[in-house]
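Two complexes follow with chain A in common, the first pairing it with chain B and the second with chain C.
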Partner chain A sequence: MSIKVEHISKSFGTFKALDDVSLTIPTNKLVALLGPSGSGKTTLLRIIAGLELPDNRDSAIYFDEEDVVDRKVTDRQVGFVFQHYALFRHMTVFENIAFGLKVQPKKVRPSMEEIKTRVDELLGLIQLEGLAGRYPNQLSGGQRQRVALARALAVEPKVLLLDEPFGALDAKVRLELRRWLRKLHEEINVTSVFVTHDQEEALEVADYVVVMSNGKIEQMGTPEDVFHRPETEFVMNFIGQVNQFHGRVERGRGVFGKLVVEDDEIAGAENASARMFVRPHEIKVTSRSSGNHEVPVTVLHVHKAGPRVRLELQDDENRTLQVDMSHDDFLMTELGKNDKAYVSVQNSRIFISEEV
Partner chain B sequence: MTGTVTLQAKNKNRSIVQTESTTESPLVRWLLIGTALVFLLLFLILPLLIVFREAFSGGINLFFQALTDPDALAAIRLTLFTAAIVVPVNLVFGVCAAWAISKFKFKGKSLLITLIDLPFAVSPVIAGLIFILIFGSRGWLGPWFLSHGIQIIFATPGIVIATLFVTFPFVARELIPLMQAQGTEEEQAARVLGASGWQTFSRVTLPNIKWGLIYGLILCNARAMGEFGAVSVVSGHIRGYTNTMPLHVEILYNEYNFTAAFAIASLLAVLALVTLVIKSVAEVKITGDQIQTKL
Partner chain C sequence: MNSLLTVGKNILPAKRSSVIPGFGLTMGFTLFYMSMLVLIPLGGLVLFTTSMGWEAFWQSITDPRVLSSLRLSFGASFIAAILNAFFGLIVAWVLVRYTFPFKKVIDALVDLPFALPTAVSGIALVTIYSQNGIVGRYVELLGFQIAFTWIGIVIALTLIGLPFVVRTVQPALEDLEKELEEVAASLGATRWQTFKRVIFPAIQPSLLTGFAMALARAIGEYGSVIFIAGNMPYKTEIAPLLIVIKLEQFDYTGATAIAVVMLIAAFLILLFINLIQWWNRRYSDEN
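The block that comes next holds the complex of A and B.
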């Protein structure tokens, strides 16, 4: 089932959480809503679930072809997983998972045996077979989150919505659980949307990433798209580390202090102020000058603990640059702290401001 | 192996040192505990013992005679009748008010919380007088009710209304902090799973607040049966008709009928003791619920 939302706006008091958001989520894909806190991602998820209502009348939410915007949360048939699990504390794991089946109207409610079979099946899926009789407070965080997921899946929802599903877990469990979620999604094939502020999580798990800020969608695309081909400055800044330079475009060339860049993107542009973004791995560092478009720098710090060497450099305009490279490449440069070096930009993104 | 043992020994020493450094000397400790115990003995346990001793001072027959006296039976009946109305009404009101305050946002919420506390702040005698001014024969609504043949003041309805007034904070006060701590996520989860409003309340909310509710009802019941001030003002003290147990005790005492007075009083004391037991059980369970909330 695909999800399509159109023209959704939502305010809380004077705070605009969502500003005319439209979005299409393709069938059976796993999609991440990514953004900083206050970007509106959780509000959007809750509106899709029916836990919040959009402010405006012309908004629409389609599950496939059907507009569900006027349908109550109880009738939307979505599975929702809360950040803090929201398990029923006085019920066992079994009763928690069975809840959605037991509250169904008598006509459609499965028999007790059917419910038991279904719950056992789900317990197998979340790998907690032996813990059916436990209470939520006897489980670890990761186990609780899996129970919450099984509870949401029990009613065979058409859409699975997860609100910061791993937000309350520690780093190691988080990593395990998100890989498990990826695998689970391949098994059950339900259109799934999850909210996260962790870009690594979004890029690793999701088929598509929706980057949000200030109640608007900045970009939607595959993880490769948003990482390598960011469409806006916000996405460029938010995803991955980035060096930022302020300067101007003059006769088709980017001039950022002594750093001059030629780029097809700005070939036609005449005199405008601009900002250039360069990823740490897109800067080349050498100990000897080798040609044009190079800027002299001083090595401030060298961080070698990690899979790649990270350098902190300063040019003679007092700009600090972050660069990273492999350990082998670093050895080749023969550089150390306080040495002089030269940098050149291998790849960049330049955003031109509207000229005043 | 040795390492572990040393570590444990060290930890043990440390915890002892910490205890000693943060506690008082034995003398101060015993002084504090002793003062508290003497106070309890003098002002709580001794009076309670005297109530029972006086009640049985004329022998067991006189005790039962006092209890089966028609006026005493009428007083017991009226007290039970009042509690039987007041407690369920407070159950409904308390749950509704606590639900509204802890689960919804609306204007005038803080005003509602303040109003719920009003009966705690107002002297019961004043509360009684308020109802006389409203429902008395020269009061505001009294003449209208009287002309329709309904007497409120100096009759059972007045007693029920006055008791309702003084008892209505108990359940709500007990539930509000509990429900606020528990939040609304479980209810939201139930709704998403397709549960109706009633299913959500009966299967999720009610079990979560069960012990808090019982605790509130117990306190409410104790106050309803023991209320003196407000009821005294509106009752009119008509023997066999508008006397509750506390009022009956006072009348008997004023008539120097000490044995009978203490016999009825001992019934109220037993009620207090039972309340205390149920209350402490509920308290343990509530603490358990709150610990679960924090986890």
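The block that comes next holds the complex of A and C.
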């Protein structure tokens, strides 16, 4: 089941949560809606679910070919998972998972044995066999979220929607559970959309990442696309760490203080102010000057606790730069705290603001 | 006095390691307070009754007039508490779920029966429901009476019990996560199914508490009922009134016999409700 939303707008009072958003989510893919809080990602998810209605009349939501925009949440056959689980406290794990089956109209409702088989199957899927008789408050956060997921899956939803599903969990459980979700998705193959503000989570789990900001979609693409080929400044800034340089483009070359960069992207541009973004691993640091296009810096801090060494540098104009490199490369530079060094840019993205 | 204040320390020495000071003092005070106000007077009541002997006690409480007054008191209180549970839930629901003009006023009105002297509510009810009252006049055309019948008693008891249910259910409804209803809807549950299977079980413990409090209050109510009841022996005479009548006739043991029966019955009802509560909360107390 593919999902297509067209021209969705939604305001809460004077706050514009979604501004004419259109999006297509391909069949059986796992898609992340990524953005800072207030970017509209949760609102979009709730509108797909039918928990919220779009403001404008010309909006449409297609599940495959069918327009479901006028259909109530009860009839949309979506599985929804909340950040805080929203489990029914007075029901056991079994009763929670069976809820969606038990409320079906008599004509289509499975028999008690069928419900039992289905719930047992799901308990196996979420690896909680033997906990069917427990109440939610006897489970850990990770277990509760898996029960919430099983409850959503019990009714065989056409799409699975997850609102910050790992947001309430601690770091380690979070990591485990998101890998497990990736695996689960491969097993069950349901078109799934999850909301997150954690870029690492989105990049690791999703087939496609939709980056949102201020009620608009900035970019949709594979995790590789949004990380390596960001289309907008916002995406560049939001995903991964990045160093920002303010400067100008002059006759096809970018001039950012002492750094001069040549780039195909700006080859045609004449005289404009520009911003350059450089990832921490795309900056080269040497202890001796090796020629042109270098900036002299001072080493402020060296963080060695981690898989890579992270350096904090400061240039003449008191701007700080983040750089990371392998431990081997760091040893080769022979640098330490407060040493003088030279940096050059190996790869960059330049965005031209306005032609002057 | 001094020994009372420190008695808690000796009974529960395990608590000595607590970082919060004052256990001995507060526990001692609690025991003193409860003893002076509740335990000793009630104990004295039971003790006084034993002086009359089993036979006389039995005879006194199986007197048809006493029995019918007890039946009326408990029966009317029970009906009133059920009415309160039902309509109080609706009032609480409206106050929590919707916004409308004068909501604050209605919210404040709920507490009025708490504050009103019961005699005032009794007189107010009589003026409305008696044969000349603005409601009683038309009810009579339909062929029945409210004032001076058991219906009037039920109305008086419902009035004084209303705040209990509303005030206990309101916070429970306010605490109910919106997400629970949303998740139920996404799983295909209708509004009614969501109410029955998700909302009601969540507020049911507080509803039961409100019911128990309204019931307890109604059983003990005297002031408002005697105005509207008519107080005819065997018909509309409530047990607390009969106690007063017996006292006026200097039949002290007869009065305390009824009191003891009411005490035990009220205690058993509250105990039973507490047991249901305890069973209900098995999923929230375990951890």
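Please note the rule applied: the second predicted complex is superposed on the first by the 355 of 356 C-alpha atoms of A that agree within 3 Å, B and C clash if a C-alpha of one lies under 4 Å from a C-alpha of the other, contacts with A are read in each partner's own complex, and residues count from 1 in each chain.
The rule is simple: a residue touches a chain if its C-beta (ideal position, glycine included) is under 8 Å from a C-beta of that chain, and two chains touch if they have at least 3 such contacts.
Bear in mind the structure is a predicted one, so any value in this text is a computation, not a measurement.
S.K.: After aligning the two structures on chain A, examine chain B and chain C and state clash or fit.
M.R.: Overlaying the two complexes on chain A (C-alpha atoms) leaves chain C and chain B clashing.
S.K.: Where does A:Asn318 make contact in the superposed view: on chain B (first), on chain C (second), on both, or on neither?
M.R.: So A:Asn318 meets neither chain B nor chain C here.
S.K.: Contacts for A:Ser37 in the overlay, against chain B (first) and chain C (second): which applies, first, second, both or neither?
M.R.: Neither partner.
S.K.: Now for A:Thr14: first (chain B), second (chain C), both, or neither, which partner does it touch?
M.R.: A:Thr14: touches no partner chain.
S.K.: After overlaying the two complexes on chain A, where does the chain B footprint on chain A coincide with the chain C footprint?
M.R.: Looking at chain A, the two contact sets intersect at 49-51, 73-80, 82, 84, 86, 88-90, 99-100, 103-104, 136-137, 148, 151-152, 155.
S.K.: Within their complex, state which residues of chain A touch chain C.
M.R.: For this pair, the touching residues of chain A are 49-51, 72-80, 82, 84, 86, 88-90, 99-100, 103-104, 135-138, 148, 151-152, 154-155.
S.K.: What does chain C use to touch chain A in their complex?
M.R.: For this pair, the touching residues of chain C are 177, 179-180, 182-190, 193, 197-198, 201-202, 283-284, 286-287.
S.K.: In the complex, go through chain B and note every residue touching chain A.
M.R.: On the chain B side, the touching residues are 185-186, 188-196, 199, 203-204, 207-208, 289, 291-293, 295.
S.K.: In their complex, what parts of chain A are in touch with chain B?
M.R.: Going through chain A, the ones touching chain B are 49-51, 73-80, 82, 84, 86-90, 99-100, 103-104, 136-137, 148, 151-152, 155.
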